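Each structure below appears as structure tokens.
Both complexes shown next keep chain A, but they swap its partner, so chain B is in the first and chain C is in the second.
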Partner chain A sequence: MTMRRRSFLKLAGLGLAGASTAPVAEALVRGTTEAGKNASQGKRWAMVIDEKKCLTRGGCDACVKACHRAHNVPALADPRHEVKWVWKEQFENVFPDRVTPYTPAAMKERPTLVLCNHCDNPPCVRVCPTQSTWKRADGIVMMDMHRCIGCRYCVVACPYGSRSFNFEDPRPGIQGEPTDYPTRTKGVVEKCTFCTERLAAGQRPLCVEACEGIGCGALTFGDLGDPASPVSALLRANDVARRKPELGTSPHVFYLL
Partner chain B sequence: MHDTGKIVLGLGVFGVLVTGPLWYGIGRGKGAPPELPKPANAKQCIEPTAFMRARHMELLNEWRDAVVRNADRVYVATDGQHHEMSLTGTCLRCHEDQDKFCNKCHLYAGVETFCWDCHQKKKGKPTLSARLGGGTP
Partner chain C sequence: MLEKALTGSRRWWTLLAVLAAFVAVGFATYLRQLSVGLGITGLTRDVPWGLYIAQLTFLVGVAASAVMVVLRYYLHH
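On to the complex of A and B.
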């Protein structure tokens, strides 16, 4: 039997297709991500800082240490290169509108705990050109270090100074053995994330647990969407302060002064 | 056609120059793709080897976006197994040392990665997620 050109080409084409499908199919399979299973859905995370309880411990920095240790936040020698997620600031700088010419120095200088306020209307998010910082549905202002190009618009936009820029490689400045939490690299901006990695596992932020761990309990964390949560109860029962409310950012770190 | 000899010679020199790096590599014993050590604690990667070899970078990018942007942390593999989407927590659990696994091929292929600028070597002691009981990015 003689084979015609047309039928030869058809057969050859079929043969080629058959030979190539097996490896291609194997390289094309893929699983899926289980979407919408995260623990933060339908929530609005917030924190309440009880100043009086915090002050009873004087210069305590258990929360700062716990946070910076777990998140590999470096302690750098040059103060201009400082990187901070949570730290203490003088009261007059935290609440400038609450200081009068008659406020005693002791009151002006009292150490006040500050961190990212996870605003409802975050100016840092609005200015980010790469959307590497954005607001999650649960209220957390999150950072994607993979996308940050280090332009520092957010650092300038944040009215609370909550953001730090990595002017140098942070790794040499990490105190002690680093944890498995990814370090940052030179040229990105970082800040507090309300411990999203812990929230995903159903835990509260590390600073809150550290504060409780030393028996102080000045920090309360919870979901404002839940009327039964401890933060909701505190906000109902107390006169609370927020930093620079006149700017309209609606911070979600509240202070009992 | 008086220059056949010169043309053939020229083509020959050109061929040797162009394929030179290949011969040099083979001569130095660098021709073969690197041998990767098989993890001691697992027989099978989360997806078939052919897929992982060809498209691990896409998978990692997908994982990165899912975890960081959408807070979704669970990957359902084609065999139905559930895995935490975590470079340090899942990949490095078997491929313990990136110098002996990732970097071997990447050096061979001349493809630079910047994963390790931030992500770190797996520690010998319990991980952050184990110590905190939480997930590790």
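On to the complex of A and C.
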């Protein structure tokens, strides 16, 4: 067989390109089938935070640590550029309408857990110019950091301050060895995703498991579409609060105060 | 039209050099922002837009109106 130099190079190049895409295609296929097999099916995911139980462990931050470690959330020196997925905030800032001039300081300053509320009517989704954040059919407000152009519209729109912008390179701030979760770059927005990667594997969010792991159990996660789920039972039996309900965003993180 | 801009007195060239220096500083600052991140603009978690964006939109308006002012001179020349 005679072959000219040019056509040989062409063929070789094509072969190389094909060989390099094979593992990518394989990983893609593996990812989808594995996720489909054991994935938790939910109509509407929601979380209930039992404040009284949470307060029995004063300075506990097991959930925060577990989440930030697993999701490669950096610990940055400058608090103005912090990236946070789940964290504690003073009660008077979380529920400003539930504080009166007669509320004792200890009550006002009690640490309250906050995270993305996964609203039914999320303002962040409405303003995003590139649709890099969207509401999934199961209610989770999801984020694609690849599509994000870093305009920070959503940061301004979110009434709960749940979104963080990477003002600097987050990778040097990651504590310890990075986990399998994709790291981010500077210039994109990120937030809590209710651990979609764990739901896809049939597990519950990490904060919930971490809270149970230390024997507290202040966090409950489940499907509101299922009347038998623990969150549905809690919402039926208790007087629950949501953050800033007057804005009409319909948050799906509920608080037992 | 450009050849007129490239001929002139010493004062003209000095003016051009000063303006070019401004452009150089601006470009260097932009490169620095590109490599370090938006953190150096003074924007924070609590003020994600602030003066940075206000100045940007303001100067875009100024530039557009300057073009409109200059344009008439060429049209009616």
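Criterion: the second predicted complex is superposed on the first by the 215 of 257 C-alpha atoms of A that agree within 3 Å, B and C clash if a C-alpha of one lies under 4 Å from a C-alpha of the other, contacts with A are read in each partner's own complex, and residues count from 1 in each chain.
Everything that follows uses one rule, which is that contacts are C-beta pairs under 8 Å (C-beta built on N, C-alpha and C of every residue); 3 or more make two chains touch, one makes a residue touch a chain.
Since this is a predicted model, take the numbers as computed values, not measurements.
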{"item": "Of chain B and chain C, the chain that contacts the larger number of chain A residues", "value": "B"}
{"item": "Touching partner for A:E246 - first (chain B), second (chain C), both, neither", "value": "neither"}
{"item": "Contacts of A:T183 with chain B and chain C, given as first, second, both or neither", "value": "first"}
{"item": "Which superposed partner A:G150 touches (first chain B, second chain C, both, neither)", "value": "second"}
{"item": "List of chain A residues in touch with chain B within their complex", "value": "23, 26-38, 40, 70, 134, 136, 142, 144-146, 177-185, 195-198, 200-201, 203, 206"}
{"item": "Complex interface listing, chain B residues touching chain A", "value": "46-48, 50-51, 53-55, 59, 62-64, 66, 68-78, 82, 85, 88-89, 114, 117-120, 122-123, 127-129, 131-137"}
{"item": "Chain C contact footprint on chain A (complex, rising order)", "value": "78, 80-82, 150, 152, 155-156, 161, 164-169, 186-187"}
{"item": "Partner chain A, residues of chain C touching it in the complex", "value": "36-39, 43-46, 48-49"}
